[in-house]
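Per-chain residue numbering starts at 1, and chain names A, B, C and D are given in the order in which the chains are listed.
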Amino acid sequence: MAEKLKVLLILGSIRDGRQGLRVVKFMRRKLEERNFDVTLFDPLEMNFPMVTQPVHFYGPERKKAPKILVENEKYVKEADAYVIVSAEYNHNVPPALTNLLDAFPGSAYSFKPSGLVTYSQGQFGGMRAAMALRAITGELGCLSVSNIFGIPTVQHAFDPEGNPQNSHMESGAKKMLDQLEWMAKAMKNHRDKFGVPS
Amino acid sequence: MAEKLKVLLILGSIRDGRQGLRVVKFMRRKLEERNFDVTLFDPLEMNFPMVTQPVHFYGPERKKAPKILVENEKYVKEADAYVIVSAEYNHNVPPALTNLLDAFPGSAYSFKPSGLVTYSQGQFGGMRAAMALRAITGELGCLSVSNIFGIPTVQHAFDPEGNPQNSHMESGAKKMLDQLEWMAKAMKNHRDKFGVPS
Amino acid sequence: MAEKLKVLLILGSIRDGRQGLRVVKFMRRKLEERNFDVTLFDPLEMNFPMVTQPVHFYGPERKKAPKILVENEKYVKEADAYVIVSAEYNHNVPPALTNLLDAFPGSAYSFKPSGLVTYSQGQFGGMRAAMALRAITGELGCLSVSNIFGIPTVQHAFDPEGNPQNSHMESGAKKMLDQLEWMAKAMKNHRDKFGVPS
Amino acid sequence: MAEKLKVLLILGSIRDGRQGLRVVKFMRRKLEERNFDVTLFDPLEMNFPMVTQPVHFYGPERKKAPKILVENEKYVKEADAYVIVSAEYNHNVPPALTNLLDAFPGSAYSFKPSGLVTYSQGQFGGMRAAMALRAITGELGCLSVSNIFGIPTVQHAFDPEGNPQNSHMESGAKKMLDQLEWMAKAMKNHRDKFGVPS
């Protein structure tokens, strides 16, 4: 497989002072070390609007669809895998994350794997948000791999450049990414040879 | 109890052509028939912004907090009960709903009940969104009553004025609202006499 | 309120070497300190069988229902509140717990609160099991109070007699029990005065 | 691929009069039509006991493990895919199902897909049970495919021999099984060539 695998790295927070930025910097490096071709979706940097119609509601030609939706749908479609970095608010995921994910059709995500990275300032590592993501990724069609990389007390886990401050971060990311890479290759090989069910 | 019970009716969708508007019209009438004092939170009409800091992150005096957050926190606090009308997107709730709910502190919602009304155009009545709301309302402190009013094929269930088109709507709303009213009174009586735990 | 509040303390594990026994001993003391009248449901000690029919499926007179179901239904009905102590297996609750809870009708649990205590040997304190319990208790009608007492690395948290080995246990139990006691009293007062909706 | 794909078909109910038997008969035929080699796990017929230790807790050689666990672990390991047919009790899955699934290690299920079939006598087709299964299958490592085959009013959907009584059953099963078959092949090919991450 000469071609690099494409991964869409999605940051699920737009809040002031969001810790997710540190996590994303770390995950980006881990993905690049594995030779993934990484695209970042940061809803804050993208200035991603509140969506009043998902892009596929504008019809197969996406006529009259906002440019930002049409242009970014391409990245969702082209990705071979997704890594979702999510905060946890009130035992669910941030609205900025669902607003982004819901904007694109299931067909763009399907028959590919996703990896979940959740974090919290408390001790439970965003595991309630992870449970919500099991359901969301399942429905979108980008099945989340078994291992969830959960990060408790994230404020102490990374420096602002995303350098890990304890040894669990490397091993936690590795376990999840080993599974993601395996699934991404398995599914890409099968898509390339046989296409996908309609 | 001479005073009317206050209920905050929350519409969880801002999408074009949202069916939730019909459901909200119906639920408002049902609540008013029970002599509830109803306030509607419609994030579209309120022009509710994407929240980058919940109101309580601005400190106890809410200094520098956006006016729209400060003004609406009052309604959340004053409510004796909540009715949440939610669509279902990808087996979770709409971002417009979590964006609104997350904007206010748990202390504003706590020791009060909520009632869940979920709908979908398909056959399962938004039950996956309802499961997400069990977790959210639990964490916020406004425990959702047992009965969930789930509305399948919502596009056929109401006319644009919120008039029900089949007999299940009245009985479905009644069952949930009987429980909500009971809980709202039980908790209000106890709050009035004993306050709430800190 | 001269009468003691009755609480049913439910242990959700029958596995060899179950840590839940330590947690239950601790919780029992905490409940008795608050002057609750505690009944323990331990499915192992009760020799509770795999249920092939819940007790209410045997009709209003419970004819031909197994004695163990009929006798214990009384405790479920009489309780003013429930405390559920649960392990976590594969991101859900133990079968011994659902087997016990499912054996009795929603009407026996309804219009009362429950408190969730979850534990794990790992770092996330059984929070995935807790999310499953939000749904279960919601449906049963014994709404779970907001605070969840989650216990990570339970094997280090208590000695075999249920004596806490770190300071978080007292404060964690207190927060949840303050809410449970408040809710139990609010709902009991209202039940005593007005009954419950049919 | 001359070799047949092996699927483990799991029936998640032992209750008297269980409708799941009809669903299983139907699913078995649908799987055999696709040339899957089907093994059925029926906890009632297997006389599967309440598990007090999962098989892997007995050590790598399974010494002293109950024979029924050791013998059946082989089928879990050998399977290329799983189809889980589940009832819904109180918004979760039956204890007979979790008792069976929890008895075997994640390593036996991993890097394979699963398909969810949920049913209910009511209108929501067991969708709350399905949400619980998203979490369980995710943790076990047998990722559930996107499409969930949900069967409302199951008592009218099949005759006792598992013959469908309406046209939705064929199309519902097909959609899910198309995805399952695709995933099973993709993962089997990859396992055969590259093994699995440790």
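Annotations for the structure displayed:
The definition used in the following text is that a residue touches a chain if its C-beta (ideal position, glycine included) is under 8 Å from a C-beta of that chain, and two chains touch if they have at least 3 such contacts.
Remember, predicted model here, so these are calculated numbers, not experimental data.
Of the two chain pairs considered here, B-C and C-D, the higher C-beta contact count falls to C-D. Most remote from chain C, judged by the distance between CA-atom centroids, is A. Chain D has its Cα centroid 29 Å from the Cα centroid of chain C. Contact with two or more other chains is made by residues 91, 106, 128, 131, 135, 138-140 of chain A. Contacts from chain C toward chain D in the complex involve residues 14-16, 50-53, 89-99, 101-102, 106, 128, 131-132, 135-136, 138-140. By the touch rule above, chain D contacts chain A in their complex via residues 106, 110-111, 113, 131, 134-135, 138-141, 143-146, 178-179, 182-183, 185-187, 189-190, 194, 196-197.
Looking at the complex, you find that chain B touches chain D at residues 91, 123-125, 127-128, 131, 150, 152.
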